[in-house]
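What follows is a set of structures to go through.
First chain A sits with chain B, and in the next complex the same chain sits with chain C.
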Partner chain A sequence: MDESYPSEYGPKWSDQRAGRLLGALVCAVVGLLLALIVTVFIKAWPSFAHNGLAWFGSGGSVEEQLNQIYLSGLSGADYVYTFHGWQLIWSTLLITGGAVLLALFSALFVSVFIVEFAPEWMRDVLQPVVRFLASVPSVIYGLLGVLVIVPFIGNHLVTESQKASVAGVISLSGYSLLAAVLILTVMIAPLMVSIFSDGLRSVRPGWLEGSLALGVNRWRTTWKIAVRTARPAIVAGTVLAVARAIGEAVMLAMVSGSIAFAPNPADGLIFIYEPSRPLAPTIVKNIDSLGSPPSNATLFAIAAVLLFSAAVFSLAGWVARRAMRKYGATA
Partner chain B sequence: MRIRTLVISAVALVALAVPASASAVTLIGSGSVAAQPVLQALFSTYTKEVNHKVHFVYTANGGNAGVKDVQNGTSQFAGQARTPLPSDAGTTYIKMFLDGLCIDVNPKNKLKNITIQQTHDIYRGLLTNWSQLPGSGLATTIDPVGRDTNGGTYNFFLQAVLGNELPASNVNALTADGLVVNAVKTDPNAIGYDGLAWQGKGQKALKVNGVPCQADKISVEPLKYPLSRYLFLVLPGDGSGISPALSKFIDWARRDPLAGEVIAKAGGVPAFNKKAKK
Partner chain C sequence: MESSVATPPPARPPAPAPQKPGKDAVEGSATWQLSDRIGLAICWALGLLFCAIAVAIVVYLFLQGIKYLKPSMLVTPASAGFSESESGGFSDAFVGTLIVAVMGIAIALPAGVGVAVWLVEYGRPAGLARITESTIEAIAGIPSIVLALFGTVIFSSTALGFLSRTSEGVVFGRSFFAASAMLAIVALPLVVASTREGLNAIPQHVREASYAVGKTKIATTRRILLPAARPQVATGAMLGLGRIIGDTAIIVVLLGATQNFAPVGGAFPLNYLRGAGTTLTNFVYEASPTGNLNQPQKAYAAAFVLLLMVLALNAAVDVVHRRARKVGTWSS
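Take a look at the complex of A and B:
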């Protein structure tokens, strides 16, 4: 303590400024976040208020509804808000669900391999590669999709009879569920791999050694001890990947087909070639209609649904991680 | 010591952000994506050849967004590819040059000519197989591609071909003209529409109602080619209150023979420019 500084003035400012500054920054960030959520929901309110729960239901073509909403805002008389978003929601569920499932399986095996089985030199190469892949901007994947994957699916996988069977309703030209799911998987799997392998690496060596010493083979030890213990990390990685997949807009706008259409698994295998458009790309596609007040409310309503689902997922992830704390590993 | 470094770098940053010369003028515009290639070419030629002190910043955020920017004063002018709507109140449209919307197919397609009616039927989902269009040499399902609602290309197509009916659900709506070009290039069954500026290798422009999609057919009025249109600059108010630098540029771009050459090279069609003396 500096003796020339009387202690009745409290702690010295120079001792406190770092803490106070950081505290102010945190408050500002939290305030911004709150303001963001409140703004989105206030702007979205007219759309929810007019549609009620039917907003999430099906009925009619979303494309036509969006057009009616837009036109009603230009004339300025009676605003139309009727919107049934099921086609968009179903597309989001299919694409996100498909990609997360595929990525979960492949990422789990890849990270087990990297942590438990790969030789030292391979691990040194794979880890930086995975970290790099996890940070590649999504528009690059979108370009790859448009230039390589989409034409390949359209020209080589889809047959003429399949195209003819749905002619006039939708085009099977390669912009499809399959393309969207494949590219989204490639996009989110590295993120999962890097979090999963951190989790696997933090498993206490003693537990694995104990299992091996009892004569359990390496694969079983990995599967029953390491992977089980790392479950909180697996949940955390999956939640992050789901959040990224749900919010992905640019890449999906480029490859998913961008028609509000609900691919129906009952159609048989053909449904993976069917185009659709999830929620987030719908906002991108309709940016130009923001000038019309009812369109504005509808797009903000879509944004509110995305925000809400992201919040639900991070909450669910937190709950799941808490429940798994007893397994010992932290993430 | 560290604080001094901070201050110096902050000052340096500010100095970098401010334009070097105080007398330079920067004109800020936004709007039409369709008009962008030609406008950018005009801007750079004007800065290089006519007035070094005038610089342009143009954000291609779509025609409707551009008009909004002019209405609320964030842009001094906007590029626009459609004719005025009631929602454009408080702005003035000035005809700058012409553009043609070409209907394109893949080079593997043997079709030479298409009518507006046929195009309408394809994009409304009534014609779905190339065998329904004699001369195409194909018997496959048509893959129509178009633009999404952003920007003037879609609106022009909607008015000129579809009579303001929405395209059918089998039309793939892509986010950019470049993506339409790519789709037509890579898919032998595709048909798409895009501006004259995009014509080149990899896609084949069809004659529309017997008139080829070429600059000399989209000439000054009467507009012979069925899918030709004016591209506009949108100005605030009645257009009289704009900065002198901007009005000088507009006069140059509309009248000067050099500007005419630039427009033609960038894929547009000059409407009012004097012919260059040979």
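Take a look at the complex of A and C:
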């Protein structure tokens, strides 16, 4: 250590040592992510290996299969892995897709409103509102869903004849696709709004002024120039929202109906009142069976599917943003 | 010809006074086509809908909270009972939330600031920097239920058995240590993003001035850059805290299964931290009609307390933002 360094400044931090220490920290974080991915897929392997592509197919009742898997783990000798997850996957697709579409529509309009058209006072109200909606814990959304939205749907929207028409198959008590999609929309739309409005704000003013100078009104200028230029941000926000929607477990475990079932849109509008259960809540609901080795593998397989689809969406978003780099706006 | 050239240019109208960008400067919607005006109406409707939803959530939970929350619930632990009046309060859940928040952010804040400092100030080799950026983004996208499952693998290993209850060689894997460590990963990307933003906003000449008087890189970071970025670091920490106290999946998997502290052997604070426990989110989940307790009144009360915490954090972020803006930005 340097002799001339006055000791009252406290211990001197060597620059190199600090750099190496921080580098090690960064490597540890990267390593953690790699460890997570590798662990999840290794743990999931038995389930995929036994089922092959049939894992993603349909056939039989998922509840029954999960139960068999669990029981076989307790008895020891012959593990059963048979699992056909289509009902869960279909439910995930319906709920995520519905919520993301609704949220994309409303978030686009709201962010355009915040950035361009809202009067000053409205902007000052809306921004904290969006931040608040994004920060409400999912369990509170779930509680309100279970105690307010679900009973409302069950008692007022679903008619008795609709209940009777599917009585032998499933009970329409309000735990439904509709409740799940609506609440999930409220949860993910604020995320989109904050990223969309950042993107809209970063559009070069000159481009907008050019359009306005040509006599195009403000509405059309916003949609034709600002929204188009901000497309990378829109993709980024949507990808983030999709990831959040796919991974949402607790709220959906509370309101979506907790029964593996694949609502069929071909049955008419009644399918939005039918219960189902996506992938992520299935893990939460079956967490107590982690001790049984085949159940453990099956739950990790579900987690691997979640992880993989989140990664695919991020990658797709990255590719889309790269293709749009020429528009100048960054996300 | 001559005369045409000599014609004086038409007198210019006097330049209009520069308009203030007030109400009159903005084109109104009155001249727009019907379709455009319908679009604007949709904007207003959705904006007001967002406000209405937020107000509805706050007002409804306040009403329910005032109706059902008794101060005694915050000091009485949950107990077995047949009705809501017999089964005690949720003090353990309340304290559990505080413990998890403190421990989680105690891990996430230094780690997050460290990663952000490395990314902005060091960032060599460039390949590692790119990988790190993608890693942070990827961590932000990992569903917390997947993190929770990963946690069961880590903390059920015998090497980490000292962090949770162990009986006959089987590591239980559920403890405040386990839950806090995984929650710290949830908070990490928020801390990193916010700190990075703060460091990036400091102009280069500030660093150069510090180097010019002989400060090393790390001394500059510690004494000048981090203090200057303090508002953003604080914002990141509070956003992270919000995520930590709001997360349920990790708590259910790595801490829950009980509504009381379940201390294990050891010295005082450690025996509780090594044991299983509960937090407000877990309590709300279990006390909702879909959970094991089914005590909706108490679920409302706990949710109300949770909402108050979230609102307080939001308000704190606002205060920090406003104060940072008052101090002003760097001149560059």
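Keep this in mind: the second predicted complex is superposed on the first by the 316 of 331 C-alpha atoms of A that agree within 3 Å, B and C clash if a C-alpha of one lies under 4 Å from a C-alpha of the other, contacts with A are read in each partner's own complex, and residues count from 1 in each chain.
The criterion applied here is as follows: a residue touches a chain if its C-beta (ideal position, glycine included) is under 8 Å from a C-beta of that chain, and two chains touch if they have at least 3 such contacts.
Since we're looking at a predicted model, the values are computed, not measured.
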Superposed partners chain B and chain C on chain A - clash or fit: clash
First (chain B), second (chain C), both or neither touched by A:160: first
Partner chain(s) touched by A:25 [first = chain B, second = chain C, both, neither]: second
Winner by number of chain A residues touched, once chain B and chain C are compared: C
Touched partner set for A:74, first chain B, second chain C, both or neither: first
First, second, both or neither for A:293, with chain B first and chain C second: neither
Touching partner for A:146 - first (chain B), second (chain C), both, neither: both
Partner chain in contact with A:168 - chain B first, chain C second, else both or neither: first
Touching partner for A:39 - first (chain B), second (chain C), both, neither: second
Partner chain(s) touched by A:254 [first = chain B, second = chain C, both, neither]: both
Selected from 6-14, 60-68 or 258-266: the stretch of chain C that, after superposition, runs into chain B: 258-266
Those residues of chain A which chain B touches in one complex and chain C touches in the other: 146-147, 253-254, 258, 284, 287-288, 290
In the complex with chain A, residue positions of chain C that touch it: 26-27, 29, 31-32, 36, 39-40, 42-44, 46-47, 49-51, 53-54, 57-58, 60-61, 111, 114-115, 117-119, 122, 128, 131-132, 135-147, 149-150, 152-153, 185, 188, 216-219, 222, 242, 245-249, 252-253, 257, 281, 284-285, 288-290, 296, 299-300, 303, 306-307, 310-311, 313-314, 317-318
In the complex with chain A, residue positions of chain B that touch it: 62, 64-65, 68, 85-87, 125-126, 128-129, 140-145, 148-151, 166, 168-175, 179, 182-183, 186-190
Residues on chain A engaged by chain C in the complex (per definition of touch): 13-15, 18-19, 22-23, 25-27, 29-30, 32-33, 36, 39-40, 43, 106, 109-110, 112-114, 117-118, 122, 125-126, 128-133, 135-140, 142-144, 146-148, 186, 189-190, 217-220, 223, 240, 243, 246-250, 253-254, 258, 280, 283-284, 287-288, 290, 299-300, 303, 306-307, 310-311, 314
Residues of chain A defined as touching chain B within the complex: 61, 63-64, 67, 70, 74-76, 146-147, 150-151, 154-155, 160, 163-164, 166-175, 253-254, 257-259, 261, 275, 284-291
